[in-house]
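Look at the two complexes coming up: chain A is in both, with chain B in one and chain C in the other.
Moving on to the complex of A and B:
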């Protein structure tokens, strides 16, 4: 696999990494307040397949935090019942969806816990989501100001915009979401040449020379034989997994996989078994059981066993244990599907994803999938691998046959971003961005650790979830951050376990040190 | 809690109150719900204090009586205890 980067020497970088990791380990362990830190290293001690230390944190909160969280939910639930009672007895105006009088003998529609939760807890803090923005989602953006008169039932826009809000929520890892005219020169040329729409599917008349160029470039970038691009990242997963597996196959999927993977797996009709998040013992047990017992009733061998994992998990910030998975897959003759939506461009010495991060060869992985939405500032996804695989997908994938292909200006944006990353445009800007992202990530995580916050995930992942736990804090954190001109994304129940709500920061290469410092200072004031 | 000036009592109390609000989700409540919640809490607290007061007073006075009876009539009490 040719690595055309002349600036970085692979070995040198690894040592540098290792030293930095050790320093981080030292200063991370010394400065702590009373909370014990449960740092988990990978379980294998010597002769590991890992070339550098793999540090992931999933610290447990102290007991009083769990107690307070339950108290918060209990109070919220009691008041929820009170409000529901008042609404049912007409003491309060009903704004929510209710069933019509004619339907009263049918099975009730709105009685389960999800609706109760939505009505009574989510609605109180609803103003922190779906905030409309009106500028490019770079390191800073503009928000439309939105107020509510009746406690989040309805919103109205005041007409003003809040300018220069620091953006900690967009997946803009390398900072390619920019409006600089020089950077977008080629994109404007292509826009004037091709227009915006393609008006066809790939198989009919939708394959432009831009797509062929892009596919070749993606294959070179990743170091594989061939690649295929699709117009939408979510659709890449959900439409291609059914083409690869079917009935009689077994899918082993990680607990915390993204909805697109879950949807694709369910659509395929194969048997799905879940293994615990990043837990190799659980995966090995499932593999052994699959091979020993075969299919459920007939005990025939499974036609195919495929393992679905992601490069970086976006809610936890953890990185997949790729060397161990590859060794397991080789031992038990299974296939591996790696979804690098968040990790392509964001980890690795030259931004080539988790495969490069672990120093492995892309031949080890059967299906490499990724999206262009996150690190390349565009839209769409790709699937890469051996030529036979990609040729099969060109004819059999739903997305290739029925979905509209990627539009040319977007394809050109990806081409220019990738060329920048590979250094083919003659500058070292791409590599600088990757380095800047790495520096920002390290700095941010280290500072948050020193302040005593609980952060999940790997030390090298640019996705930083800060645990908030209590439902009251979710709303308070997001609102106060906005008052001080910082836009954050907070996540609560359906996307995370109910007691582990969090604020998720996405560090970007475009963030300057001052922006991160502002954020850290405000965090400190909030909780200190 | 880095950067906190514990000596500054009014702001420390305010900070404690804010923490209480966040933990019990009263930050999210509408004003009339807050009034309801705080009055309920204060009523419970008052009841608890009154119970403690009564209980402690009763317990203390009964303990004092027992002590007095020990000192006042040692022999009699000693015999009754032995039996």
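Moving on to the complex of A and C:
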């Protein structure tokens, strides 16, 4: 199990070169070196772009942990080959579905080695994902009890539910996933009035007055000229990035961007270049090279350059270095596309996202994108910015022409959540939620640090990845936590690098101090 | 010493002697070589990269001078797609568009389930129990028991082994295709395939071969060509997957694909079939099971059926159904499934209830078909407009018989027809496309949608109004 003293032997690993950055920003930053955990602070004074301390941790594990991790994977792989061999020779039962007899001579749909990882490594710990729940995904939920008789090949439900499991997995940052009758009053009314479907696209007969109301509200909330909403957050990226850029444009995308951003960038046909995660030197070098040398081979100038970043990165818990990116973008005349899927509502003094968190103005960002799934407890996405941008998207976005618009009760949920956040419903509940989330985040992170666990990410981000490293721990951690009535999310390869498997906690404003304490205590007991 | 000196001198003498005695060509060759070496020594060095030549000042100048295009081009105020029709209230049978009450001939509410009380009750119950959003993708506590129930029900309804649901209709086929077809694979797709299919194909990076709309001879020609290609390179052919992607009822043209012939081609050339049934699910077939029921084909012959729940089921989202062998793969490699939040439970509950209604009232499909045929007949003979689509298709197109030269003018003309109808109480819309992005852009048209809720008088009224509009605008 994790050894707290291991942390003291850990190597210090700064995720960005501090000295070089000093020269670039031309400010005197101090480097505190007394703390063994590799914290990095940007000074508050001397005119830096950061108005408050920006602390991020990305500690590297001690060497023996990495060795054991590789050994663990190697053992898993060897057993996998053994098992495959036994299955091929009929020594072991074949449980997977197979091709139809009539289609046996077709080209095989899947290559055997493609599924090797799925069959042999993922399958063993498959019971930790896709766990079905049967209640609202609030701070506590009810899980359906699921058992397997044949080592995870199939599952069956016993019919019992595990009640009141503490929920550390759902993206419920502000606690708007609730079933309180008063809170959902307007949603109930709108559902009765409008029904659940729309049956048409935005450009045809699918724009309802609810959409217009919602878009005005989103624009007011963010402090921009206009906004447009879409039915799915993933689709917002994959259908609008191709509308904004095309062949002859350059996309500079962060290493750890979400699949929807990568898909949108690929579908657009533009050239994509990747810069190291949150690394401003890497980004600046790419920008300079792009403008100086132009397009590859022809050396024509790029039509436009767009930088794709996220507000909070969901696997790392890091927050984008927005002030530096904005100054770079202004200097090199590039455009900035900010995906605030996790950060809207979750950071910032009043929940306006990373723009407010860094004290910047929304005019600095060209395209503000976000989703309503996480902090607002609904579904869908939005893009906001200047009126010209939104008008263009209304006419040229793939979603406006071919995809159904957002359903009215979901739109009403977003409206009521946003009004609550803005204080328009006459209460201070919104602000209270934001404050509570902030408090919970800081408390949780501080306590985990004190216990000696390796946590990634920014101190203010409600996404808390706790490193597990070894593949054996992934399954063990999740199962033990479930036995103790806590539902956690564990992630391994391929969503994360192979040696950095982690458990990811999502702190919510609805979590009480007791729930967090229960979790921390258990963590300490079991793994400390 | 003296002997060495003599020896040296002697070597020199020998050398000079050798020079005199050497053949001429030898001397010439050596002379040329020496001249060449001298030239090379004194010429400028050949630079492989000019990059290292730019000075810092020049670089700064380049950066200074570069001007990007504006992020988006400005949109003219009279762009036909800029000003949306705003619907106040639910888009049901009687719809209030831009303040005017009309009969709805534009929303794909084929079975009239949008306003159904039972569906709404089910959704309300779900809302009370689960709230609105699911706050997570399927893998991370976003799987609710309603999702599992809906998947089971859909699989049972369609008589397949398994079904998988997506939270957005467009993302369904656009995520399903790239999950199976990768770079190097071959996909034969109909020219009139909808945009979602085109995006799925683009994301898959496979070789796309378009065949003429519903032309089986053209498809067979392409398949034969591929076969001869395969014989040249059998090793590659053994690992190249092939697919045919067709729609049950085409959105862009309103006609159906010849499925029995496709099945024959499938087994003859060993190609898998992916069928997109967004418009035909809940419309075709005796029980609404789609085009396979319409033609009486064994559903296992189709590898994958994909449909969206936004038309007949009047919900949001989409599903794929087929054998477990095929569908299960999407649970780990369907991008729209793994990386996106799951469908809100109230929408899943509404879809389950809608399925219940479909199963309990199988006669609505025949009613819908009768109405479609009636409308199709009524719309014949409008001067200037021709009807495009099968007689039993609930989504028809009205195209101009003669184009007036440019697409822009055609669109304007059709808009006048639509406005005339809207002012008189029939809500219609033009079919919208992204002109620059479509592979095969269909001609401009007016979309006419027939639903079970429309009465015969309303159908007749709409048809006569269209005749009037065409008369006044197009003549």
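The rule is simple: the second predicted complex is superposed on the first by the 465 of 528 C-alpha atoms of A that agree within 3 Å, B and C clash if a C-alpha of one lies under 4 Å from a C-alpha of the other, contacts with A are read in each partner's own complex, and residues count from 1 in each chain.
The rule we apply is simple: a residue touches a chain if its C-beta (ideal position, glycine included) is under 8 Å from a C-beta of that chain, and two chains touch if they have at least 3 such contacts.
Note that the structure is a prediction, hence the values are computed from the model and not measured.
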| request: Specify the partner with more touching residues on chain A, choosing between chain B and chain C. | output: C
| request: Look at A:106 in the shared chain and tell me whether it touches chain B only, chain C only, both, or neither; answer first, second, both or neither. | output: second
| Partner chain in contact with A:189 - chain B first, chain C second, else both or neither | neither
| message | For A:88, using the defined touch cut-off, is the partner it touches chain B, chain C, both, or neither? Pick first, second, both or neither. | response | neither
| query | After lining up the shared chain so the two structures overlap, which partner does A:124 touch, if you call chain B first and chain C second: first, second, both or neither? | reply | first
| Who does A:292 touch here: chain B (first), chain C (second), both, or neither? | second
| message | From the superposed pair, tell me which chain A residues show up as contacts to chain B and also as contacts to chain C. | response | none
| Which residues, counting only chain A, touch chain B once they are in their complex? | 68, 71-73, 75-76, 79, 124-125, 151, 451-452, 470-473, 475-476, 524-525, 527-528
| note | So, in the complex, the side of chain C touching chain A is made of residues 51, 54, 59, 62-63, 66-69, 71-75, 79, 81-82, 84-92, 95, 97, 104, 106-109, 113-116, 119-120, 123-124, 127-136, 138-145, 147-148, 167-171, 174, 180, 194-196, 199, 202-203, 237-242, 267, 270, 272, 300, 308, 310-311, 313-316, 323-326, 328-329, 331-332, 335-336, 338-341, 343-344, 346-347, 350, 427, 429-434, 437, 447
| field | chain B to chain A touching residues, read off their complex | value | 1-4, 21-30, 33, 37
| query | Taking the complex as given, what residues does chain A use to touch chain C? | reply | 97-100, 102-103, 105-111, 118, 122, 129-138, 141, 144, 167, 169-172, 176-179, 181, 184, 187-188, 191-209, 212, 231-235, 238-239, 242, 244, 258-260, 263, 266-267, 288, 291-293, 301-306, 332-335, 366-367, 371-374, 376-379, 388-389, 391-396, 398-404, 407-410, 413, 487, 489
